[in-house]
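Please read through the structure below; I'll follow up with questions.
Order of writing sets the chain letters: A, B, C and D. Residues in each chain are counted from 1.
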Amino acid sequence: MEEILRKRMEGNEYVRHLGVELLELREGYAYGRMPYKKELANPYGFLHGGSLYSLADIVAGNGACMDGRYVTTVSGTMNYLEPAVNTEYVYCEARKLRSGRNLAVFEVRLRDDAGTLLDSGEFTFFLTEHRVE
Amino acid sequence: MEEILRKRMEGNEYVRHLGVELLELREGYAYGRMPYKKELANPYGFLHGGSLYSLADIVAGNGACMDGRYVTTVSGTMNYLEPAVNTEYVYCEARKLRSGRNLAVFEVRLRDDAGTLLDSGEFTFFLTEHRVE
Amino acid sequence: MEEILRKRMEGNEYVRHLGVELLELREGYAYGRMPYKKELANPYGFLHGGSLYSLADIVAGNGACMDGRYVTTVSGTMNYLEPAVNTEYVYCEARKLRSGRNLAVFEVRLRDDAGTLLDSGEFTFFLTEHRVE
Amino acid sequence: MEEILRKRMEGNEYVRHLGVELLELREGYAYGRMPYKKELANPYGFLHGGSLYSLADIVAGNGACMDGRYVTTVSGTMNYLEPAVNTEYVYCEARKLRSGRNLAVFEVRLRDDAGTLLDSGEFTFFLTEHRVE
């Protein structure tokens, strides 16, 4: 499963443009990172809130996919705690809070190189029996 | 103010990569769009949740900037209602629900070419007296 | 359906303690109100955020129930825009943004007697075929 | 500070009706509980989503108050993971994710007697220099 997901990510242009990499992936847990790049920053030089949200959605979504079902994002919430700047990477840890017959909920925590918490949020995914081929 | 914001957007690589354009901008209201592009899609061919969220954040953020203060996103929530596919553009309407001394809250509604509601959400911005130069 | 829901509400102690009444109820739309009462206020004399959220959940939930299925709240988000005080009632309007095979999403808007917008949010409900008897 | 907050809570009718108690309270952390009571349940016999949200808001809000400033809830999000039923109490742990000059963000996790995670969410509070007398 992990290999399928990694290949799918590498083949996806949106993920590649962001530069998101998965560092760890197991049932109920995913860990990844995105580099600080000027082309992902807002006019103030901080990583754009949309790029940070995308990192979180991608990492948590891959965690949800580990259960083998077809996954779509139902909702996401993000709290921006500190600006993402002066860091080589932003790291995202996604942990499953619950998964049931239809829905999985993950918490996400984003940190900089120094381990400072930058952003927090929760994502909900819909899981259907239609399997990833 | 509108001209400053438009120039700043055009100069921002993250906005340019997404292809977000502002169509209307006035105090408390912003309207923009993002084209459907393969490089913004997820592996299922739908626009990635992160790109849709970015569209919403950019459009609402510009609406918040119309008040002349320095704006940072405090939080965002998104509900994904229908997949964004088979449309030339996704349109985003952002309406101010409230703005006070420190915080502004906007609702966002994303629609496809046919006017179908695709996504909804709310964004909160922090406003500081530090002016946009 | 409307009668079943009204009776169920009147029989529910939590709803009765809050004093929530439904004023209008139809497919995809619900409108209700809750009186300002000292026993629902926080130490500052404003209606407690939890009581306002409860009003929203109850009104939107009844809107979701109008489709005849068994309804449970999956998630809720609330933005508190203005303090709820100096008003006889708080009015809540809940409008369906989408409903599908499994999930329904409603926006909620709370206003005071003068029509000032106090709070906004979105609620997601899970719908199952198990019918309300 | 802790004593002031406890007294204020005991004097508040909304808190008393819910039966919320604080079990632990220190800078950046609060832990409390609410009993399962029929008058807080929905028509299915589960604790009402609004009562659970209220518990979370009260516990996290007291955690935010520990910094000595005047606290108001800006926003709250809740994900309902499991029904709250067959438990004597629901326990709520609130942990500060960040606090700055104006805003504090807390995560909340609600559990039943057996330690099962029932609900998760995040609350944002506005802090002003107006001190609690």
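Following the convention adopted for this analysis, a contact is a pair of C-beta atoms (placed from the backbone, for glycine too) under 8 Å apart; a residue touches a chain by one contact, two chains touch by 3 or more.
On a predicted model such as this, the values are computed, not experimentally measured, just so you know.
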Chains touching both chain C and chain D, listed by label: A, B
Of B-C and A-B, whichever chain pair has more C-beta contact pairs: A-B
Remotest chain, chain C as reference, centres from CA atoms: A
Inter-chain centre distance, chain B versus chain C - centres from mean C-alpha coordinates, in Å: 28
Centroid distance [mean C-alpha coordinates] between chain D and chain B, Å: 32
Geometric centre distance via CA averages, chain B-chain A, whole Å: 20
Interface hub residues of chain A, defined as touching at least two other chains: 74-75, 77, 79, 124
Chain D partner contacts - residues on chain C that touch it in the complex: 8, 11-14, 17-18, 38-44, 48-51, 53-55, 57-58, 72-80, 83
Chain C residues touching chain B - in the complex, by the definition given at the top: 77, 79, 81-82, 97-98, 105, 107, 117, 120-122, 124
Chain C - residues contacting chain A, complex: 74-75, 77, 102-103, 124, 126
